[in-house]
Every structure is written in structure tokens, then in C-alpha cells.
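Both complexes shown next keep chain A, but they swap its partner, so chain B is in the first and chain C is in the second.
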Partner chain A sequence: MDEKLRDSVLFSILAVIAGLLLSGAMLLFIDKNPIEVYRILFSSLFRDKYTFFDIFVKATPLIFTALAFTFTYKASLFNIGAQGQFYIGSVVAVAASLFLQQRLPGLFVLAIVFVLVLAAGGIWGSWIGFVKARYQANEFLTSMMSTYVALNFMNYLLRTILKETKGEYPQTNPLDKTVWLPKLVPGTRLHWGFVIALLTAILIWVVLYRTPFGFRIRAVGLNQRASEMSGINAKKLYVLAFFISGALAAAAGLTEVNGMQHMLIQGFNPTIGSEGLGIAILANANPIAIIFASALFGALRVGGLVASQVAGIPPSFIELMQGLVMIFVILSNFCCGELDRKREIRKLRKAAS
Partner chain B sequence: MTAFIELKNITKYFSHVVANQDVSFSIERGEVLALLGENGAGKSTVMKILYGLYRADAGEIFQNGKAAAIHSPRDAMNLGITMIQQHFSLVQAHSVTENIILGNVHGAIDREAADREVAALAAEHGFDIDPRARVGDLAVGVQQKVEILKAIYQKTRLLIMDEPTAVLTPQESDQLMKFVKNFTSQGNSVVFITHKLQEVMAVADRIIVMRNGMVSGNLRKADTDARELSRLMIGRELTNAAQVKTERAGGEVRLALDRVSVSDHGAVPSLADVSFEIHAGEVFGIAGVSGNGQQELCEVICGALTPVSGSIRLDGRAIETLNIHERVKRGIGYVPSNRHRDGLVMNMTMAENMLLKTSFDPRWLKNGFIDRKRLDAVSEKAIADYRIKASGPAAILRTLSGGNQQKVIVAREVDIGEKLIIFDQPTRGLDLGAIDNVHKIIRAERAKGKAILLVSTELTEILGLSDRYTVLYKGRLQGIYDRSALTVEEIGLLMAGYQLKEGGAHG
Partner chain C sequence: MIVGLLSRAVLMSTPLLYGSIAEVYAERSGMMVTAIEGIFLIGAWAGFTGSYLTGSLLIGLIWAILGGLLLSALYGWITVFLRQHQVVTGTALNILAVGICAFFQRVIFGVPTTPLTIKPLPQLAVPLLADIPWIGTILFRQNILTYALYLLLPVSIFILYRTSLGLTIRSTGENPEAVDVAGISVVKVRFLTVLLAGIMGGIAGSFYSIGYLGMFADNIIGGRGWIAFAICFLGNWNPKGALIGTVVFGLAEALAIYMQSLGGQSFFPNELFIALPYLLTIILTISRRSYNVPAKLGEPYVKEN
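Then we have the complex of A and B:
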């Protein structure tokens, strides 16, 4: 087991380096010095407190959407609709905050908003689970399509009842400072949402691996028929897994609206769902590894942004880096599996001779 | 004269086991070679290597003295080698002819000519098959004949059959043996993969015995006997599996089925009017060729299927409307025949598999979390009690051997089944040591006063363990008999659908 863990850590690091090397090579085509670009990228991460903590600001919603994908994935279900569930969460967060901020004290509002966001995202998600359980609708398709419904629902509201009082842009009024998620580190953008994300990741791990409910989710994911033959109601679990998944993705809406933007803008964070999916795969659907994978993506994003401003490289380079790193990490997972197989064979050879 | 096929030092590793080690033997023209060994001895693996399904990690294959490179079944077929897998590779929705000519047709197909050709081929070998029949509509025994015809059509000179009689009635097996003799008399070779000694003594010319991935014997049939073969196969003398006669069970009625019918897809009932009783301390056997309603019977009792009519009572209380979970609580254990599909989660740990059926039970909980200490203790006790070879409760089930995986299910279900335990083919695919073990457990649980339903396609198992038994044919019971009431031949007839009263006439 130790050899396995060592291999997977070592290979993941090598894979990240390989991904960065190959994306670095791409810079040569546009006559940029990759060493110089990477020097800027990495030194910028540590040049001041603000930039450094921004890594975790970026990582926060990604942890939630990655956990959302992971939770259904453990039940062998694919929730491709985290983006939509995130939008639903954002809409509810901003609408409830705007409505309650004058009426109740800030922290109280945040607590209510949190519950409402989870409920709304959960209900939005569980509907996907329900049609899967009831009518065998392919959850891959329904969840993906639900994103477009959510997106257009949000845009519709932003142009109508949620539109700012000035009536100029499709965006809401800014939230009162009282309903912002409190800052975690003064002088930075890091807010308590990050702590909530960390705790949630640990909570999800505990639920999956330490409770009978999580056990049943995983059992259904690994062998649905044997689980059903054992008296586990897989259909009920579909609905519950999608409820939790939707609630997790919606929680990202809360941290982004109340923690970061403090308003809702049209076309808001359009890649958060797909990045979360990538991170979940990168982390091998392990809730704890998701924290690190999200931080890595956050760092590439923050550093890449600075590098693109300072060194004049195109911003799409950030996504290129993320993509290549992801491919190499997935390849390295296969390498680890192969190494493990070889090790077993060596042991057998030794035992046989 | 050089051998038709020669295998030299074949070695194959799977990730967790040595499947074959230095396996060398030859296959001569015109002989029936039996590849004998317990399940997991590496018989199928070495033949799959010869057929190009697996690649050997070391070793060579020679045909007529020349090195042969076999990388795929296509290569093997070109060399005249065909293998009939345990699970047939037929297209269910296609006709017999279409299946037989599959892979050997180019351009436009002249269906009529092909049908005629197949009909002629079938007649030549004494097979009664309609070339236009849809394969999915055919009985398993007939499907096997289609596989054989397919091989002959491809002009095969070596036919490898993996456990061919497992799906056949005794009468069908006899027919198959006749074909094998006939086929080899024309200078062709047949390899029979099997673990049944009787079959080997009946049909083989030469016998290769395998144990733990190695060849442990290479003998002519004339020079050996069943005792020697069993010793080579299991490494010790076979203690006769004959019955230990025990007192007739005298307990009260535990399980009672009254005119239970199950229909799967509406029209054809998979169980029709099944009625029987099992007493406490009694083993009730269900004999029959697999696929005649055995699984439906087990599932309707354990709660996975709902009967369309009839009643099921456990200790006098109706249970037919309860779900699986509630029946588990009532004390019904079920060891399914397809354990990988129905009973185990292969990528979970041994301990988690122990928890699978009782995850709702509060006894596993401590402060709302799974009480891992308790679960590990129970699992370790099972490992010790059942001598499960596993590194511990945290061993991933996939890494255990088939026999040890079965022990995990048996340990779990014996624990759950306080009243009734259903064993569906509990020894299928197990080696002799493990089979013996399962039999001991069944006897021990019977002695504790549990009711036991034993489904098996092995007659010796039914006759050796049951107090009473029945034969299931097309979802109907063919009468209920005391253990020593019938001869093996009579049971064979019942299994094939004949009624005894009418003197062997079709019922």
C-alpha cells in the first residue's frame, strides 16, 4: 500500500512537470522563452500575499464542483450538469441575499441563504436522478441539458426581475457588505468560503467511506446488481446522490456570489463545471486529492494570468497548461496501475522460484 | 512423426497469480486429449493462449514442428485450431447459417446455397438443426452443436472445448461423446477441458493433468485410473464424496411454497405452480439443467422477484410481499450462483463485502459511523472460521481466489440465514478442497436445525447432501423424491423433461 501511495504521488508530480514542459515547448512557436515565462509564472505566485492567497480563492468553487462530480461518480452516475447547478445556486444566493439583506442581520442571512442554495441545487439535481430512476433517462444527457436550462433561466432573470436598478447591464445590484462571506486573511480576497470548501471535502470523504449511506452509494456504483440483490434500493440512491451532487455544485454559487463577485453578472464563470469535472478525474475521484488538484489549477490560473500580462503570452495558454497537465496525470494513473501489476508479478516469480 | 501441436514451456502471469508455469505438452493427430484439473489450475488459460486470446509471457508453440506465431483467434483458425468457449460466441439474433458462415463470407451472400451447405454439413455429422432457426430460440445443447458446426465449417483440425458438458443433460453429453469419437477417427484432434473424472475416463485417449498452473501428469488412459488422476489433480487421495447418512429431519415446516408462479416477460412463466415444503434441519435439493427456473426460484424466495401468484411462508408467516431487506432480517440467507454479479462487489474490501447485506443494521453503527473495529473483528472471525486465504479484512476481494471469494459469501449468508439458507450452485467453479468445505458447512448448518435449499446441476451433490429433492424442468417440479428413490438414469430423464410414469414417454 505504501509503495502504491509513493508511486502515485511521485508520478503525479512527474506528470505535472511533463505537462508544463510540453506546454512550455509550445511557447517556442511564438518566440517566447519558456524558462522566462515559467519564472514569471511561479515567482508571481509568491510575489505578494494577495496573489498567493488568490490561488485558494480560485480553488474554492472548483473544490465544490469537483466534489459534485465525484459524489455521483461514486454511484457510477455522471453529473455533467455542475455548471447549471452552480448557476441555480448563484441565482438563489443573489436573490435571497438581496431580499433578506435589509431585513435580517448579515450572518443570519448567510445561514439562511446557505440552506436555500443547498436545497435549490439539490432539488435541481435530484430531478435528474429521479428521471434516471423512474424512466431510465440517460443522466449524462439530462444533466448536460439541464445546464442550458439553468443558464437561460439565469439570463432571463438577469434581464428582468433581478436586473440592476440602473437598468443598464444584465447584472444584479451589488450585495451589501453585511451579507458578504467574511474575509479569512485581511488584505486579500480569500474568504471563509475556502474553509467551508475544505470542510466539505473532508465531510464528503467521511460520508463516502465511513457511513453506511456512503458505503451503499459506492456499492451501487461498483456493482449495482449485487447491491440490489442485497436489498439496497439503487433508485432511491440515484435521487439522493444527485441531490447531494446538485447541492455541492450550488454551494460554489454561494461562495462565488457572496464571497467573490458580490453580485451576479451574465456569463459568470462559464467553465467552472467542466474544470471541476477535470479536477475530479485528475484527483481520481478522491475528495481529499481534490483539494490539492484544485489548488494546482488555481495556481496555474493565477500564475498564468500574471504571466500573460507580464510576458505577453496569450491567455489561452493557461487552459493549454491545464489540459496537458490533466492528460499526463491521467496517463500516470495508468502507469501506476501497470507498475503495481509488474510488482505483483515479480513477487509471484520470487515466490515461485 | 511430429505432433500436430506442441506447447513448450508456456508461462503466463496474471496480475495476482501465476496462471501457467512451464507448461509443455503435445497434441497428436486423431486423439482426444483431456485437460484435467481443478478450477483455477490453468487449463483454460493455456488453451486460450493456444487460441490466441491471451499472449504467453514466455514459451513457444509449434505446429508440425514449425514455430507458430498465434496472436489472435484469426491466426489460430488459419492454423486449423478452434476453441468453443464455455460461454458461446454466437450472435443470438442471427440464424444458424448466418452464425456459421460469419467471418468467412465475402461479397454477396447466396443464402439458399449457404443454408443447403449448412444443412448438408449438419446431416453429415448427425446433428438435427434447422439452418434458418434463430440461434436465440435454440436450447443451449443445440447452440453448442451450432458452435461445433461452425468449427467444422472452418475446416478445423483441432477442436478445443471448454467444459462442454456443463450445460448438457446426460443424454446430450452421450451424443457429444459420440461426435467426438467420430470426429477424431477422421484424423482430427479434440481437447476436452474438464474437471469431471468420469467424463475423462469415458472419452479421452490421453490425459494431461494440471495443478496450480503446472502439468502434474501426462498419461495414457489405458495406463491409469480415476484414483491416480484424482491424486494428481488435487495432490491427495480423494475421499469419497458419498453421503454420510444422517437421521431424517423431523423438524417443523420452515419454508412453504404454495403454487408459486413467476413470469418474467409476461407470456412464458419461468416458474409454474411450484409447491414444496422444507422442514427445519432438512436439506431440500433442486436438480435440473441450469436455466430451467432455478434462479427464479431462488430469487422469488429471497425477495428479488415477486410471484404473480401463490404464497411463500416462513415459519407460517407470509413473506411474499416483503422486500429483500425485510427477508434478510427474517433470517433468509442466499448464496447466488453468479456470485460475481449478484453477491459480491469485487473492488471493495473483504470486510465491506461482509457488510453488504446488513448495512442497514444498527449493530454496525457507532455514533452514526460504521463501527470499523466491530466490522473488522467479525471479518477476522470469518477469515479464521472459514479458513479464508486473505491478507485481512482490508484485502480487496478481487485479489482473492474464486474459492475464497465463495467462502466470503458463504460466511456472510450463513450468518444472515438463521432460518433458511439458499445455496444456488454453491460449488460451481470451486476446486475439490473448497467443494468439500462447502459441503461440510451445509451439513453443519443442517445439523443446527436450519432449513436449506440446495440448487445444483451436479447430481452427486444433490444425492450426497439432500434429504429430499425435486427436479426442475421448464419451471415445473418433476415430482418430489426421497434421496434414494431414483436411479441416476431416472433423474437424467426427469432433467430432460420426461415423465417417469409413462415409461419414459415425453410428458
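Then we have the complex of A and C:
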């Protein structure tokens, strides 16, 4: 078991390095020196407090969407719709905040908004689990398509009732300072949403690995028939798992709207769902490892943006790095599996002789 | 107006049918090609870039096929030979495809001041047939890729149900052990169907860039690959079902474009029509009951020693 963990950590690090090396090689096509670009990319992260803490600002929503994918994945369900659940969360966060900000004290508003966001995201997610349980509707397809529905729903609201009073752009009015998530580190953009994300990751780990509910989720994931034979109601779990998954993804909407943007803008954060999925893969669907993987993706994004401004590389280089890192992580999973298999065989041989 | 709408529907169905037939073949052999969205995107980009740089749509099409083939080969290698998770691998490749297209678009074209365009595939009227009222306009005033489908669809049905090759493919998805015992390599069959999906998906993707838009944008595919994926499910893993599915979706898209052109903001919002194909997928996914899922869909094959 220990050897297994060591392998998986070692190979994950190697995979990240390999992914960065190969995407660095791509820079040669645009006559940029990869070493120089990476030097700028990584040194920029530490050039000042603001940039450094931005890593965690970017990591915050990614932790949520990665957890959202992980939670259903443990039950062998696929929630590919985190992006849409995030949109729903954002819409509810901004609408509820704008409605309540004049009427109640800020902290109360935040608490109410938080509950509303979780409920809305959860309900938006749980119908996917419901139709899976009730009609055997493929959750992969329904969750995937629900993102596009949520996106158009959001665009519709931004064009009509949520549109700013100036009426110029498809975006909402800015939120009052009272309903912003408070700053965690002064002089940076880091807000308390990051702490909520950390606590959530730990909470999800506890739920999955230390509670009977989590045990049931994982049992259904490992072998649905066997778990049903032993009295687990898999159908109820589908709905619950999707509720929690949707609520997690929606929470990213709250931290982005109340913590970061302080308004809702059309077309914001379009890759948060797929990045979350990538992070979940990178972290091998472990809630604690997700924190570190999210920080890595956040760092690539922050450093990549600085590098694109300073060194003139295209911003799409970030997606290239992330994509290649993910491919190498999948390859490294294969290597770990093979190593583990060989070790088992050796062990069996030893026992037999 | 109805003729125009239906003609547009046939146009919009074309890439979806390429994609979903490919997906039917792959899934019948047990492989979900979840990288299909990325394959579409690479096809669209390579098709456009090839056409723009060489001035020949044919070379663009070949580039698109090669692009789709490359991505599907990577997908097939990881999922078939290395037995990694199909959904996970596909998602990673879809993200990678976005990065590759956007990055190399920039590498090759820099930051253009005016949008880059090419002349898309011309509409060819089939002599005689095109003059049939209604049907002529709908079916026989399309471009070459649509005509190719008129041949490809019956051929694909024939191969899948009437030849030993088709039987092998179907058996690989239902009972790979039996195929293995018969001396046919399961991994080879699966890998080849994935490559086929890459070729067809590449063509499908290029249809969006060089088939009628004549340009490339990062969001040009916008989930159409997933719709082709969904049509394969909804069409019960059967090319005929896929045909029905693509026509329905083609109609939905044509209707969406038509309603938008009317500017009928007053009664129904635009966004509802844009979301229509996706809503339709959800409703159909929920309402379809009689499933004919290949037994080993998505499961890697491990040969016993």
C-alpha cells in the first residue's frame, strides 16, 4: 500500500514535468525559448504578494468543480455538467445578493445566499440523478447537455431581467461591498472562499472515507449489483450523490461572484468545469490531493497569463499545458498499474516458492 | 419557406450523421469515442488551415482526416492498448484539442486584423434530380460531403449487418472472449473502429469550417460532437436510428437558425432556440426505454493468460 502511494506521487510529479516539457517544446514553433518562458512563468508567481495569492484565487473554484466530479465518480457516475451547475450557482448568487443587499446586513445575506446557491445547484444536479434512477437515462449525456441549457438560461437572464441598469452590456450591476466575501489577505484578491474550499475538500474526504454514507457511495461505485444485494438503495444514492455534486459545483459560482468578480458577466470562466474534471483525474479523485492539483492548475493559469503578457506567448498555451499534463497523468496511471501488477505477481511467486 | 428549412436541415444533419455513424461502429465494438468533440474540433481546424494555406478544399479535407486520425489514434492507444478509462481519457483529449487548435491557429496565422475566410464547398445541383420540385431542392442541391453520405449510409448498414466484418465488430462489443477464441484480435478490431471514428469525425468537423461557414473559431463545434455521441445512443446503436436522430437534430438546428433570423425576440427568447437541440437530447435520453446497449461498452478487454 505504501509503495503504491509512493509510486503514484512519484509518477504524478514525473507526468507533470513531462507535460510541461512537451508543451515547452511547442514554444519552439513560435521562436520562443521555452526555458526563458518557463523562467518568466514560474518566477512571476513569486514576484509579488498579489500574484502569488492569485494562484489560490484561481484554485478556489477549481477545488469545488473537481470535488463535484469526484463525488459522483466515486459512485461510478459521471457528472460532466459541473460547468452548468456552476452557472446556476452564479446566477442564484448574483440574483439573491442583488435582491437582498439593501434589505439585510451583509453577513446575513451571505449566509442566505450560500444556502440558496447550494440548494439551487443541488436541485439542478439532482434531476440528473433522478432520471438516471427512474428512467435509466444516461447521466453522462444528460449532465453534458444540461450545461448548454444552463448557459443559455444564464444568457437569457443577463439579456433581460438581470441586465445592468445602464443597459449597455450583458452583465449585472456590481454587488455592494457589504455582500462581498471578506478578504483573507489584505492587498491581494484572496478571499474567504478559499478557506471554504479547503474545509469543503476536507469535509468531502471525511464524508467519503469516514461515514457510512460515503461507504455506501463507494460500494455502489465498486459494484452496484453487489451493493444492492446487501441492501443499499442505489437509486436513492444516485439522487443524493448528484445533489451534493451539483451543490459543490454551484458553490464555485458563489465564490466567483461574491468573492472575485462581484458581478456576473456573460461568458465568464467557460472552462471551469472541464478543468475541474482534469484536476480530479490528476488527483486520482482524492479530495485532499485535489487541493494541490488545483493549486498547480491555478499556478499554470496565473503564470501563463503573466507569461503571455510579458513574453508574448498565446494565452492558449495554458490549455496546451493543462491538456498535455492530463494526458501524461493518464499514462502515468497506466505505469503505476503495471508496476503494481508486477509487484503482486512477484509477491505471489515468492509465496508459492 | 418549408423547403428552405428542410434543405437547411439536411445541411445541418450532414456532419452529425458522419459523427454518429462513426460512433455507432466504435460503440458496437465496445469503444465509446468520448474524444469525439475534440476530433470534430481538430477536423474543423485542420480542414480550414489546410484549405487556407493551399487554396484547395480537397487538401483541407485530407488535413482534416489526418487530424482526426491522429487524435483518435492517441485516444485508441491510451484506451485500447493501455486500458485507461474512456471517459477520463476523452475529456483530457478534448481539453488538449482546444489548446492545440487555439495555439497553432496563433502559430500559423498570428493575430490577424481581419477575420480569415475561405470560400466554402460549393453547392452542386445534381442534373435532373435537382429539378424535381421540393425534393430536388431539399436533397439534391447540397455539397459533395452530403452526397457522399447518400452512398455511405447504405454501405455502412450493409457492412454492419450483412458481412462477416460487421458481425466481428458487433461481436467484439457483445462478447469479446468469443471473438478472441475465433482467432481475431479484439484490441485490433477496437483500435481500427476508433481510427474509423477519427476519419469520419475529422470529416464531420471540417464540414463546419469548410463545408458552409468558411472560417474557423475556437467555439465552432460548440457541443456538436457530443450531440453526435448522443444520437448514437438515441438511435439505439444502429445507423438507421442514427439517421432519424440526425434529421431530428438537423431540423432543430435549422429551426433555431430560422427563428433567430426572424428576430422573433418578442414571443420566444432566442436562447430557447439555441438550447433546443440540447433540450431535445435530454428529453429523448429520458424518454427512450428500449435500450440495445453493447454489453461490453466502455470496458477494456483484458486477455486471460
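Convention: the second predicted complex is superposed on the first by the 346 of 353 C-alpha atoms of A that agree within 3 Å, B and C clash if a C-alpha of one lies under 4 Å from a C-alpha of the other, contacts with A are read in each partner's own complex, and residues count from 1 in each chain.
Here is the rule we use: a residue touches a chain if its C-beta (ideal position, glycine included) is under 8 Å from a C-beta of that chain, and two chains touch if they have at least 3 such contacts.
Since the model is a prediction, treat every value here as computed from it, not as a measurement.
**Q** Where does A:138 make contact in the superposed view: on chain B (first), on chain C (second), on both, or on neither?
**A** second
**Q** More residues of chain A are touched by which partner: chain B or chain C?
**A** The larger set of chain A residues in touch belongs to C.
**Q** Name the contact category of A:185: first (chain B only), second (chain C only), both, or neither.
**A** Neither: A:185 stays clear of chain B and chain C.
**Q** Report for A:226: first if it touches chain B alone, second if chain C alone, otherwise both or neither.
**A** It touches chain B, and chain C stays clear.
**Q** Just checking: does A:153 make contact with chain B only, chain C only, both, or neither of them? Give me first, second, both or neither.
**A** second
**Q** Kindly classify A:123 by the partners it touches after superposition: chain B alone (first), chain C alone (second), both, or neither?
**A** A:123 sits against neither chain B nor chain C.
**Q** Touch test for A:215: chain B only (first), chain C only (second), both, or neither?
**A** Touch partner of A:215: chain B, not chain C.
**Q** Identify the overlap between the chain B-contacting and the chain C-contacting residues of chain A.
**A** none
**Q** Across the complex, what residues on chain B touch chain A?
**A** 13, 15-18, 21, 299, 302-304, 323-328, 334, 336, 341-348, 352, 355-357, 359-360, 364-365, 368-370, 372
**Q** Write out the stretch or stretches of chain A touching chain C in their complex.
**A** Chain A reaches chain C through residues 26, 29-30, 78, 80, 131, 135-138, 140-142, 144-146, 148-149, 151-153, 155-156, 159-160, 271, 274-275, 277-278, 281, 314, 316-324, 326-327, 329-331, 333-334.
**Q** With touch defined as at the start, can you tell me which chain A residues reach chain B in the complex?
**A** 206, 210-212, 215-216, 218-219, 222-223, 225-232, 340-341, 344-345, 348-349, 352
**Q** What does chain C use to touch chain A in their complex?
**A** 74, 78, 82-85, 87-89, 91-100, 102-107, 223, 226, 229-230, 233, 269-272, 274-275, 278-279, 281-282, 285-287, 289, 291
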